[in-house]
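These are the structures in question, set out in turn.
Consider the two complexes below, in which chain A is the common component and chain B and chain C are the respective partners.
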Partner chain A sequence: MAHIDEAPQQERAAAPTPGKEKRLPARDRLTVIVMVTVPLLLVLFLVWLPALGSVALSFGKWNGFGDIDTIEWVGFQNYQDIATIYPPFWPAIQHNLIWLGFLFLIPTPLGILLAVVLDREMKGSRFYQTAFYMPVVLSLALIGFIWQLFYSRDQGLINDVFGTQVDWYGDPDVNLWAVLAATSWRHTGYIMLIYLAGLKGVDASLREAAAVDGANEVKTFFHVILPVMRPINLIVIVIVVIESLRAFDLVWIVNKGRNGLEVIGALVAQNVIGEATRYGFGSALAVIMMLISSVFITIYLRTVFREERRG
Partner chain B sequence: MTYETPVATAPPVTTAPPARSQGIALGRRRGTVATVIMALLALAWLFPLLWALVNSFREYDYTQANGYLSFGGWTFSNYVDAWTRADFGLHMKNSLLVTIPAVLLTLWLSSMVAFVLARFSYRFNLTLLGVFLAANLLPPQALLIPVFRMFRQIPVPYFLSDSGSLLNSFWALILVNTAFQMGFCTFVLSNYMKTLPYEIYESAELDGASVWRQYWQLTMPLVRPALAALATLQVTWVYNEFFWATVLIQQGDKLPVTSALNNLRGQFFTDTNLVAAGSIIVALPVLVVFFALQKQFVSGLTLGSTKG
Partner chain C sequence: MSRPRSTGALGGTSVPRSALVTMAATRRTVLRGAALSSLAVGGASLLAACGGDSGGPASGSGATVKFGINEAEGVGAAHDRLAAIAQAYEKESGTKVALNAVDHNTFQESINTYLQGTPDDVFTWFAGFRMAQFAENGLITDLSDQWPIDGLNDSFKQASTAADGKQYFVPISYYPWAVFYRKSVFEKNGWEAPSTNDDFMALMDDMKGKGITPFAFGDKDGWPAMGTFDILNMRLNGFDFHMSLMAGDEAWDGDEVKLVFDTWRKLLPYHQEDPLGRTWQEAATSMGKGDCGMYLLGTFVVDALGENGEDLDFFTFPELDSSIGSDALDAPIDGFCVAAAGKNQDAGKAMAKWLGSAAAADAGNNAADAPFIAANSGASTSTYSDLQKKSAEVVGAAANIAQFMDRDTNADFASTVMIPSIQEFLKNPDDIDGVTASIQEQAASIFG
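And then the complex of A and B:
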C-alpha cells in the first residue's frame, strides 16, 4: 500500500554528526539494542528471510508436504519451464504490462491534473478532494465487488443502459479493461493526494516569478512545477510500477486470476493454494516479481535518502 | 487573494486597473469551466457508492421486473439478508481481532525504531531505515511460499490458536501485517521526531533520564498527532488487507471481512441488490473512519512531506 513518504524535513542543527554518537551507559545501550532488535527481527524473519527462501526454493521441485530434504534440486529448470511450457505466464506478463501502461496513461495523469487544479483553493475544493479521495479508503477487493453492480451481465447498469449483453467480468476479451476501469477509480484519487501533498510544498514565489515572466499555466506546470517535483514524480513512478506488479486483489475477487485476468501475483498464489502445490514453480515466479520490484525499490530508496541527506 | 483564478493573469504588483479587470474576467470564466468539470467528475467519482447505496435499499423482485433504471421497491431486507447470509457479524469480529492488535503493535514497534533513528546518529541509521522501508515495498506474493510453509510448521499452543499452527490463526495476520507496515510508520515517525528540538534530550540527559524514559515519557506524548494520523491510516489498511488473509486463513469462519468477500461472490453475484447491501456493510467501517478522522487520514499520508 501507500508509500507517500516524500521530502523529509531538515536535520536539526544540534544533532551530532552521523557516526559520532557518544557512548551510552550500559543500561541505556541495552535499551537501544532491544528497541531496534525486536522490530528488526520481525522484519528480517517475515520479510527478508522469506525473500531469500523464495530464491532458494525457485531452484528446486517441491510439493511442500515433505521435509526440506525432499526437495529435488533442478537448477534453472523452473525458470525454463515457466518461459516455455507454462501457458498462463506470457499472458500474465502481458496483462501486467497493460496494467502498468494503463495506469501510467490514464489515472495517473488524471490524478496529477486534479491535484494541480485543486491546489488553487477553488471554491468547494475540499468537497472535490473528498469525492476523489473516498475510493482510496476502500479495498480493491471491495471495489471489485461494488463494480459488479455495473458489470453484471443480467443485472448490471452498463448492459441495462446500453442494451448490451456483455459479461464484463467474465468475457476474456473485455474483463481486463473492466478491472482496469475499476482500479482507476481508486488509483486516481491516490495519485491526486500524493501530488497535492507535494504541490503544497512548492514555493509560491516560484509560481509568481513564472507568472511575472509571462509564462502561462501549461508552461508554468511543465517548466517550473514538474522539475521542482522531481522527487515526488519518481515516487509516483515507483508506486505505479509496484502497484501494477502487485495487482492481485481485484483479479482474485473476480475469478482468481484466470480466463483473461492472469497476472503474475495471482499465478504465484495459484501454485500454493490452488489444486497443485508446486513450490519451486511458484517461487520462480515470485523471484521474477522480486527482481523487477528491486529495481524500483532501489530508485525509491535512493530518492528518499537523497532527500534525507540534503536536509 | 487566493489562487482561484489561474496565475497567468497580469503581473500582480503594478497592474493598471483595466488589465487587472481583464485578468479577473478571464480567470472567472476559466474558473467556472474548471468548477463545472470538477463538479461533474466529482459526481462521477461518487456515483458507484451512491448507486450501491440506492440499490441496496431496493427489492430484488422489483428491480428484476422494472429494471434498475426504475424508481421504487424500497426495502431494508437486503441488509438483514446480507448480514445473516454472509455471517458479517463473525467476520467483522475477526477483522477487529486482527486490526486492533496489528495497529497497536505496528505503532509501538515502529515508534521505538523511529526514536532510535531520530535521537541518535549511528552509522547504521540509513541501512536500518532501508531494511524497513524496502520491506514495505516488496510485493507480498514474492514472499508467500516461504511464509506460508513456515507458518504451517510453527506450532502455536492450542489455547492461542485452535489450528495448532500459525496457519489459520489471527496471530499470523497480526505479525505479517505488522512486519509489512512498520517501514512506512518508522519513516513517518522518525521524520516527525526529528522536528522535535534536540535540546529536550540534552536537558533530559542532564536530569538523568534513561533512554527508555526519554522515549516513553518525553517523545511519545509529543508525537501523539503523528501517532493518531498513522493509527487512522493503519486501521483502514489492515482492515482492507486481502492477500495475506486470503492465503494464510483457509478456514472460512476465521476470515476477516475483506477476504470473506471472496466466498460471498458465489452466493451474492446472482442478486445484485444483495451485492450492494454487502458492499455498503463492508465499506461502512472505513467510511466512518474516513469521514470522522479525515484530517488525520490525509495528514497521515502527507506527514512525510510537511514539517510536522
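And then the complex of A and C:
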C-alpha cells in the first residue's frame, strides 16, 4: 500500500507556496483568528492547565486544607513511595494490562462479529441491536446492582444455580475475571454499535462485486469489508485502549478498586476524590496514568497524521 | 444558566430505590454503597453552588441561618429527623432556617471543598479526628463559649474538644458497636451472653460444634473490619494506646499491634469465610437467618434485617486481658459544627447550642419512625426500642468511648492504607510481619 502514496505527497507539498502571497481580507482574518484562539484557549484552560497542575501537585504533599502555600514540596518522594511502599500500585499496572489484553481478545471481536451478523438485516435485527446495546445505556448504579445479584457469594444467582461456593467478588484470584465478564457485557454492545454504523456506510456494490467474483462471506469480510473499514477499525482500537486505561467504574462499584481489583484509575480516585485527600500522592498516580496514556495517544496520532498525509 | 438553588434536593430522589433500601438510619458509611459513588465527582461543585449571599439581621427573629445536612430528602428517618429539628428551631427562636439537604456520601466526600468555599452556617458532622483536624485548620468555629450545654456530660464534652482544649462540636446522637445476636437462637440453644474470655471461647466452640458459624463477617466495603481491629486493640492494649496509635504516635509494627493481628488470626476460624466478597448487609442476613451466631457491628445492623430488632440483643465484646478490662468501646457520635466561613456566625453558634439540647433531640425523634439515641441525658426515651434503651445504658456505663477507626485517625490513612492492609491481612492472615511493616512504612509517609 505504502509505495503508491509517495507521489501525491510531493505534489501537495509544492502546492501551498503560490498562495502565500495572497492576503485574506480583514474580516476573514478576524474570523480565522477567533476560530483558532477560542478553541486554543479552551484547550489550554480545560486540558493543559489542569494537567500541568496535576504534574506540579505530584511533587508536593497537601491535604487540601488552606491555600497553595501550605503545600509541602517533597520532590520525587510521592513517586518513590508509589513504586516502593504502596502495595496496590504494581498489581494495578498489571490489572490494567490484563484488562487491555482481555478487551482486545474477547469482547471486541465478539462485538464485531455481532455487528456483521446484525448487518445482514435478518428478522428481528432491530430487537437484537437494542438488546445488545442495552448494557451500554444502563446507569452504572444499576449495572453494579445487577451484577451483585449474579455474583453475591451467599445470595447470588450463579452460586445458587450451580451449587458452588465461589467468592466471585471477594477472592482476589477470581474477582478481576468476574468484573471483566461484566465489562465485556457492556463493551461488546458498544463495539457492536460503532461497527454496525460503519458497516452501514460500506458501499453495497463492493459486496456485490465480491459475490460476483465468487468470494464467500468470510473471504468478503476479511478481504473487502475489513480494509474498507480501516478508519472505523482505528477508532475501535483507540476506544479499546482508552477504555482499558481508564477502567474504573465497574471496579469502583464492586469494591472501590481494592483486593484484587486495583486499577490505576481507582487508585487515583481513592487518594483524591474519596474521603482521603492525598492530593500530591493522587496526582502522582494520575501523572503516571497520563504518561502511559500518552504513549498510546502518540502512536494513535502518528498513525492518523500519516493517514491524512496519504489522503 | 439557572440560579443556584439555596436548598438542594440533591441526588436524593434520583438514587435507585434498590440502593436506598439499605440506607435507612444512622451509619454514614452505609451510604458509601457503591451505587452512589458516581455522584461524588459532581458533588463538590454542586455543594458550592448551594451557597449564596445572605442578608437580614444577624440573629434572632428575622435572621436566616443556613443549615447543611448530610441526608438527602427521601432517605427516610435520617432526613426527617433533621428536617423536623430545623423546623422546631425556627418555631422556637424565630430564626429562619434554610435547609441544604445533600446526599450523605456526596456531603462527606466534598467536605473539604465545602468548608473552604461558601459553606452553610451550621452543618452535620462527626466527633473525632477529622473534626479536630478541621478545628486545627481553622475551618470550624470555636464553640467553647456555648459550652457547657445542659444535659451533655463530660464524655460528650471531651468528644467535642479539639487539640487546643476548646470545643468545636455539639453532639446530638450516637450508636454503639457491640456483638449482636438473635435472642431466639440463643434461647433455643441455651446460650448466654458471655462475660469472661473463657465463657466467650466456650460459647464459640459450642456454636461451631452445633454447625453454626460463631461470627458473621463481611468486609467487602473495607470499613466494617475496622470495628474488629478497634475492639481487639482496645481490649488488648487499652484505650489510651488505641487513641495514640490512631493519632499516629505509636509504631504500627510494634509488638502491641502484632498482638492484635495475632489474636485476630486465632479468632478468624470462628468467623465466616471469605469476608472480602461479602457486604455487611449480607453478613447481617446470615446472622438474622441463624446461620451465624453473632455479629460485631453497630446498631445499624437492624437496618439490614428489615425488622425493628425485637428479636435482637447484644453484649459488649468481652474482656481479653484482665489488666485492661472491657470498659471501652466504639460509639461514633454524630452532631454539628459551625463553619468558620459561614456568613452568620452568631446565629450559627446559637443554633448549634440549641441543637445539643434535649428539645432538639425530642423534636427529631418525635417526627420520625426510627429514633436515634440522643446524646442529651434530658431527652425523652419513650420512643426508643429496647435495643436503644440498652445501648444508652451500655454507652453510659463505658469508661472510654472511641469514634471508630475512620473517624479517629487521619482519613487519608484510614482509607488508603488501613482498608487495603486489613483486607490483605484477611486474605493472608499468616503474614502479620509483612502487613504491619507495610502499614508502618505508609504511616510514616503520611503522618510524616
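The rule is simple: the second predicted complex is superposed on the first by the 238 of 311 C-alpha atoms of A that agree within 3 Å, B and C clash if a C-alpha of one lies under 4 Å from a C-alpha of the other, contacts with A are read in each partner's own complex, and residues count from 1 in each chain.
Note that contacts are C-beta pairs under 8 Å (C-beta built on N, C-alpha and C of every residue); 3 or more make two chains touch, one makes a residue touch a chain.
On a predicted model such as this, the values are computed, not experimentally measured, just so you know.
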{"item": "Touched partner set for A:197, first chain B, second chain C, both or neither", "value": "first"}
{"item": "First (chain B), second (chain C), both or neither touched by A:87", "value": "second"}
{"item": "Residue contacts on chain A - larger count, chain B or chain C", "value": "B"}
{"item": "Which of chain B and chain C A:66 touches, first, second, both or neither", "value": "second"}
{"item": "Partner chain(s) touched by A:152 [first = chain B, second = chain C, both, neither]", "value": "both"}
{"item": "Touching partner for A:273 - first (chain B), second (chain C), both, neither", "value": "both"}
{"item": "Contacts of A:36 with chain B and chain C, given as first, second, both or neither", "value": "first"}
{"item": "Partner chain in contact with A:252 - chain B first, chain C second, else both or neither", "value": "both"}
{"item": "Which of chain B and chain C A:220 touches, first, second, both or neither", "value": "first"}
{"item": "Which superposed partner A:167 touches (first chain B, second chain C, both, neither)", "value": "second"}
{"item": "Residues of chain A at both interfaces, chain B in one complex, chain C in the other", "value": "64, 139-142, 145, 152, 155, 249, 252-253, 271, 273"}
{"item": "Footprint of chain B on chain A - complex, ascending", "value": "1-9, 11-12, 14-21, 24, 27-28, 31-32, 35-36, 38-40, 42-51, 53-54, 57, 64, 114, 117-124, 127-128, 130-135, 137-142, 145-150, 152, 155-157, 160-161, 185, 188-189, 193-194, 196-198, 200-201, 207-208, 210-212, 214-217, 220, 238, 242, 245-246, 248-249, 252-253, 264-265, 268-269, 271-273, 279, 282-283, 286-287, 289-290, 293, 296-297, 300-301, 304-305, 308"}
{"item": "In the complex, chain C residues that touch chain A", "value": "15-16, 18-19, 34-38, 40-41, 108-109, 112-113, 116, 133, 137, 139, 220-222, 274-278, 282, 285-286, 406, 411-412, 414-416, 419-421, 423-424, 427, 438, 441-442, 445-446, 448"}
{"item": "Complex contacts: residues of chain B adjacent to chain A", "value": "2-4, 6-9, 11-12, 31, 34-35, 38-39, 41-43, 45-46, 48-49, 51-52, 55, 63-64, 67-69, 109-110, 112-113, 115-116, 120-123, 125-126, 128, 130-150, 175-176, 178-180, 182-184, 186-188, 191, 194-195, 197-199, 202, 210-212, 215, 233, 236-237, 239-243, 246-247, 250, 258-259, 261-262, 264-265, 269, 271-272, 275-276, 278-279, 282-283, 286-287, 289-290, 294, 297-298, 301-302, 304-308"}
{"item": "Partner chain C, residues of chain A touching it in the complex", "value": "61, 63-66, 77, 81, 85-88, 139-142, 144-145, 151-155, 167-172, 175, 249, 252-256, 258-259, 270-271, 273-278, 281"}
